[in-house]
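Dropping the structures in below, format is structure tokens.
In the two assemblies presented below, chain A is common to both, partnered first by chain B and then by chain C.
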Partner chain A sequence: MRRAARWISAGAAVGLLAACSTGEGVDLDGDEGTGGDATGEVLVAAIAGEPDQLDPHRTSSYFSFQVLENVFDTLVEPDENLEMQPALAESWEVSDDQLTWTFDLRDGVTWHDGSDFTADDVVYSYTRIIDEELANAWRFAAVTEVSAPDDDTVVIEVAQPSPNLLSSIGGFKGMAIVQQENVESGDIVTAPVGTGPFSVADYAAGEAIDLTANADWWGGAPEVGGVTFRFVPEPTTAVAELTAGDVHWTDNVPPQQVSDLEGNDDVVVGAAASNDYWYLAANQARPPFDDVRVRQALAYAIDREAIAQVTQYGNATVNQLAIPETSGWYTAYDTYSHDPARASELLEEAGVDGLEIDMMVTSEYPETVTAAQAIASQLAEIGVTVTPRELDFATWLDEQGQGNFDLLMLSWLGNIDPDDFYYAQHHSTGSFNFQGYANPEVDALLDEARTETDEAARKDLYAEAATQIADDASYVYLYNPDVVQAWVPELEGYEARGDGAIRFRDVSLAD
Partner chain B sequence: MSASTSAWRLLLRSPVAVAGLGALGLLVVLALLGPVLVPYGANAVDVTRALQPPSGAHWFGTDDLGRDVLSRVVLAARASLQVSVVSVSIALVLGVALGLVAGYFRGWADAVAMRVVDVLFAFPVMLLAIAIVAVLGPGLTTAMIAIGIVYVPVFARVTRASVLGVREEPYVRAAVAIGAGPLRIIRTHVLPNVTAPIIVQTSLSLAFAILAEAALSFLGLGIQPPEPSWGRMLFDGKGFTGSWWMSVFPGLAIFVTVLAFNLVGDGLRDVLDPRQRSVLESRRDR
Partner chain C sequence: MLRFTLLRAGHAVVVLLGVTVVVFALVHLVPGDPVRVALGTRFTQESYDALRAASGLDQPLLTQYVQYLGSAVTGDLGVSFRTGQPVTTILLERLPATVSLAAAALVIALVIAFPLGVFAATRHGRASDTVVRVASQAGVSVPDFWLGIMFILLFSVTLGWLPPSGYVPLTEDPLEWARRVAMPALAVGLVSGAILTRFVRSAVLESLGSDHARTARAKGLRARVVLLRHVVRNALVPVVTVIGVQAATLLGGIIVVEVVFAWPGLGRLTYDAVAARDYPVLQGSVLLVAALFLLVSFLVDVLYGRIDPRISAR
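Entry: the complex of A and B
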């Protein structure tokens, strides 16, 4: 999904928060006391912001998903290689015509409130997303019916072969199975009931969320007694608390401090190449960006290495396509070397002179502000003037929706299937195609790839589509950032994951 | 010798005020000639020389984008001065007009003007400025308007207080008696006799305006990047605690400028306040 969409409420006034932050009170002992009846020590994690709500189907905030990853389950879920593995569904099969998926559910799974989990819960959850047209309804675009022939079986019918169905229903906890009673009472917003390894014990608004280990979890009881997610918006504070041992884990690590932290014996730094990517998009509804040569000129004129350096301090891999080399869907592509001369030529061919670009950036993601200044100086070399316009994120999204921009920079995160990377963004009917790209060839390729069940053939189709998209500079791709997290050496069994999912189910705290 | 010349001379006898004046003079020169003086452009990004400590090539070091901090500090002086002068001018014109009307005419005009001023006073200055910027959208112009508006009440109050005293003076009453119009009286008799506190207030407000602009820019509501501004540079430096030069030099620039305005303001108060002044003059005569 889109980083934009996921992080919406992440604190529109980052600067304000930073300025007003008086340092969060550290109260480890107090937090540990809320572990309830669990036996193990409570892990304290510092996340960069507060969830907007805890309803997995309705939230779009990454902070919510960091917590909910540990509270809810999906039918299937990605392993560390982002391959789909059984979760609430123990096994599944696809009919010969590829139109019927039958999932056999795990037995003996219970909700946190003790009631039994059944196939009706799955039907309810998926129907809710589809019927209420929630943010992720598009993932069910091909689904015609979800039914429960018995308590242990769920059948999903699709209109056309959908090889990406598993990653659609299991890619992240936005597709979690929720409990009808919990939803209808409205409690899900602050006190969700899930089936996951931890249950929500307490939610202190503005401070922390306490989770208690679920001893009855189908995957086995977690070793830690619980997890406390504290909201620490200021990265320097989070790192200071980590090095002081006041928190056990944080992902709020300023990129410029990563190399310092790596030399610190009191901290373990985990980095994973991620499927996230940052891109530039020019508004093709506005001349001269409707001219492919102008967009290509931008792609040639920017220096991706330099941009990645100022925003990520080396914790990134430059890429001219969306999908990173670590993914099985990677396509090699390096047409756009940093070549200002070629860029100037293209602009000249297009008859564009003295181009002025209104580049929309947001304080929500300070890297966009930093990158815009680097991009401005790079484009100045070919006589293009870039004026960054810094907006709060809500306004930014509005402006994007209304097409009030020349150029913007943002990222997508957590995508797994190639369809997630290209369809919504570059199909002429794609819901996130704000740049207004339309190429019938690409549309046809993306439509075909969507239903192609032979994996090799499917990969070829995406390679072709992606190459065309980059040739047309629909997006100007920049880099895949690393997921960087840091934790104390006592925290064992934790791995940073490329999809940014934070899983504490298998970790333990050494004494 | 006219009153203003004598005040000027007295001011120049105070070493502290002279130091402030000197600093301000230097600042004005930098603001005017900055682009000619600086060794690098404000936005000369070069990632390969990012975060370099102060050296012969970069006296104040470089920032995270490899830009020369000295050049940016110098070039930011213009914007800071511009914001403070324009915003204080706005406050001066509106506030003094309001104060003159309220103080001279009294009655309902006074009541209305002072209630408006009270409402503005009820909000903390920065909160009000942020609210105004939030409505108008961030940027150099709106920062000037916002800071201008929040200092209107101070000027209105100072002016009104002085006018209340002056309007009862015999020369004003005499002017009324011979049939002079209110505008004429305000212009020729009232205004010239209330300038002293206004001048002092102006100098002090300039200092506050510099701070306010820095605060707004720090919060991302003032001057927009990549244009250099001291407040924004402080904000950018915040994430780089190891690179102290990114924060210290813009911070020093703000400190020196605000101090200079305050020193001059204090000096002006000493020479323009009649009671203080007699003390100074008696010293001179000795």
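Entry: the complex of A and C
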């Protein structure tokens, strides 16, 4: 509680020094790690910014997840192909009616403070996300109960068959298993206790977070003795640190320097096609964008390669659907090509002339501002005038919510299961369907795919839905940006991953 | 002297009050609800209410201001929207890094400015004076963060002499601190030194031509004595003012250089606070920097009295 207001009164000034205090902290979102005693060299990683906090359930910052990926575990976790593999759960079974998932937990797992990890911790973590309605509670929408019949077993009951449950609970560390004591003491914000390969040893605000290798980790002790995540906001400095050998790894690589770095023998550049995607969406509640031909005209008129070049310096793969070829959910689709003549025809058929487009962009994502200029010049070729409107992101979101836009550009991140990125955006009742797309056929496909447990059949359903979505130009998909990271040649065993997760547990530093 | 000191202190307090009004207004001039914006995707009704109450935003405006002022005076600057930590704690954590960088930069600036400024003034109109003038003009024109990046490329990447970035507290390891502070301090100090050089030069030049200098020379004093005891001392008054302004600017204005060198000081904190829309931290750091500025100006004013007794007598 905040102290009563201190009114300035006569004489107060005298007592002020004695009364000095720094005020009390407020628990916005709701801390102690002792590591193993590994002796390997410490890996130094430079990340572009500082985590806002280290509670995996509360943070939404990518910088936090870069660190927490190495500190926490989930029940299952994505491998390099983004398929779910055992982690804290060793195995699992689904009942015949597909409504009960039983997870068998790994034996002998301990928290960084030495206490035992049990099924109750899993129940606590999931219940916390659901009951406190945290940002990821939607991933549990189908879950009706989480229980622990014994210390080694967790049972999750779902209301309808949920083939995407594994990716919901394991897709990223936002679904990590946390320790009740650590949460309730409030320490988790700066000194989280996890079960992962590294424990948090020290946190120097504005500078760095030090992790120590957890020699008792269930996956085997990491080879490096620890990881120091330094916060280096300036990309030039981060690259200099890397070439000077003071930092072993960084993802703060300016896109325009990637080709230079690739020619540098002292640096290894790793790029992976990410599952993130950028798209354009036209507001179908506003004529003439309710006419599918007008939206298709936009899809033909833009030059995806040119847009990816100006925003990513070519470090991207153009795509007419959401997901890249590296994903198991990839569907081949190339209906649209850069064809201004075809675009003009479509506009003519739709009876649209002298179209003016209000395109909403935000400086929070500078890509949108740069892309808008390229798009404006491309659409000018077919007589369409695009006026970019730059907003701060909070206002941008507000305008999107109220439907005050003709066209917008945004990205969708960390996509593993297609339900995550098709349902919310293209189902007529989807929570992110701000473009107002409604196609009963697509709705039916998405509803069916959501509960289809046969993987091949499910894949076919999503391929059909995705093709229809692109044909209708509900979104005009642009490209998948590459995950670009750079490291020193001495760092062995590291791979850039498409989901952007940074795992240092298997790496080693050669002398 | 005491009266003069008290008067100056009074002025400083009035200015600081003005700063609190501006800083306080900051949150209310922002479009939309700052708490809602700050919480973003972490929004829940509970955290919203907790943060709003802790920030006092649920109270009438005047009450809020008086509360803000009252709390600020006792060192309570509210809590960070981003981390929930007390702002004062955060500021105090960052202060040593900034002060040590500013001090190192100021030393470099003075070491450059005094000899060069005095030298150029005594060589008024000659080629060496022109060289100093041109060089200092160039120094004034170069952005310090650009110099910083050039230093990193030269001293770290090419020569491999210094670590490119990072901070080690002076109290922990003075040698390592010096290695890390060298480049940022040089980048800031060179620019600051260039500004000071120009002031020192013109102040000494003016003093050289003054009556008392001529009198001193006429008395037959040696040129060195005239220069140091009579000319430079009299030139100090305007120079000290500029040094004060430079010192205060260094304390509050090394934002971009701190970002370039990953230096965990107040500038970096301010930069991050702007990016994260963390208004309490932004308010706190603006207030602290303003207070530091006033403190330095106050010290300079008091120092004036020592250098030139005529000032405090007025």
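In this section, the second predicted complex is superposed on the first by the 473 of 511 C-alpha atoms of A that agree within 3 Å, B and C clash if a C-alpha of one lies under 4 Å from a C-alpha of the other, contacts with A are read in each partner's own complex, and residues count from 1 in each chain.
Here is the rule we go by: a contact is a pair of C-beta atoms (placed from the backbone, for glycine too) under 8 Å apart; a residue touches a chain by one contact, two chains touch by 3 or more.
Since this is a predicted model, take the numbers as computed values, not measurements.
> Which holds for A:231: it touches chain B only (first), chain C only (second), both, or neither?
A:231 contacts chain C only, not chain B.
> Counting residues of chain A in contact, which comes out ahead: chain B or chain C?
Answer, by number of touched residues of chain A: C.
> On the A-aligned overlay, A:106 touches which partner chain: chain B = first, chain C = second, or both, or neither?
In the superposed model, A:106 contacts neither chain B nor chain C.
> Report for A:306: first if it touches chain B alone, second if chain C alone, otherwise both or neither.
first
> Where on chain A do chain B and chain C both make contact?
13, 16, 19, 236
> Note which residues of chain A are touching chain B in the complex, please.
Contacts found on chain A: 13, 15-16, 18-19, 235-236, 254, 256, 260, 303, 306, 309-310, 363, 366, 369-370, 372-374, 376-378, 380, 388-390.
> Would you pull the chain C residues touching chain A in the complex into a rising list?
31-32, 36-37, 39-42, 44, 47, 50-51, 53-54, 56, 63, 66-67, 69-71, 73-79, 81-90, 92-94, 97, 149, 152-153, 156-157, 160, 163-167, 259-262, 264-265, 268-269, 271-272, 276-277
> Help me check something: in the complex, which residues belonging to chain A touch chain C?
Residue positions touching the partner: 2-3, 5-8, 13, 16, 19-29, 49-50, 52-53, 58-60, 132-135, 189, 204-207, 230-234, 236-237, 240-241, 243-244, 246, 394-395, 398.
> Report the residues of chain B in contact with chain A in the complex, numbered from low to high.
43-45, 47, 50, 64-65, 138, 218-220, 224-226, 235, 238-242
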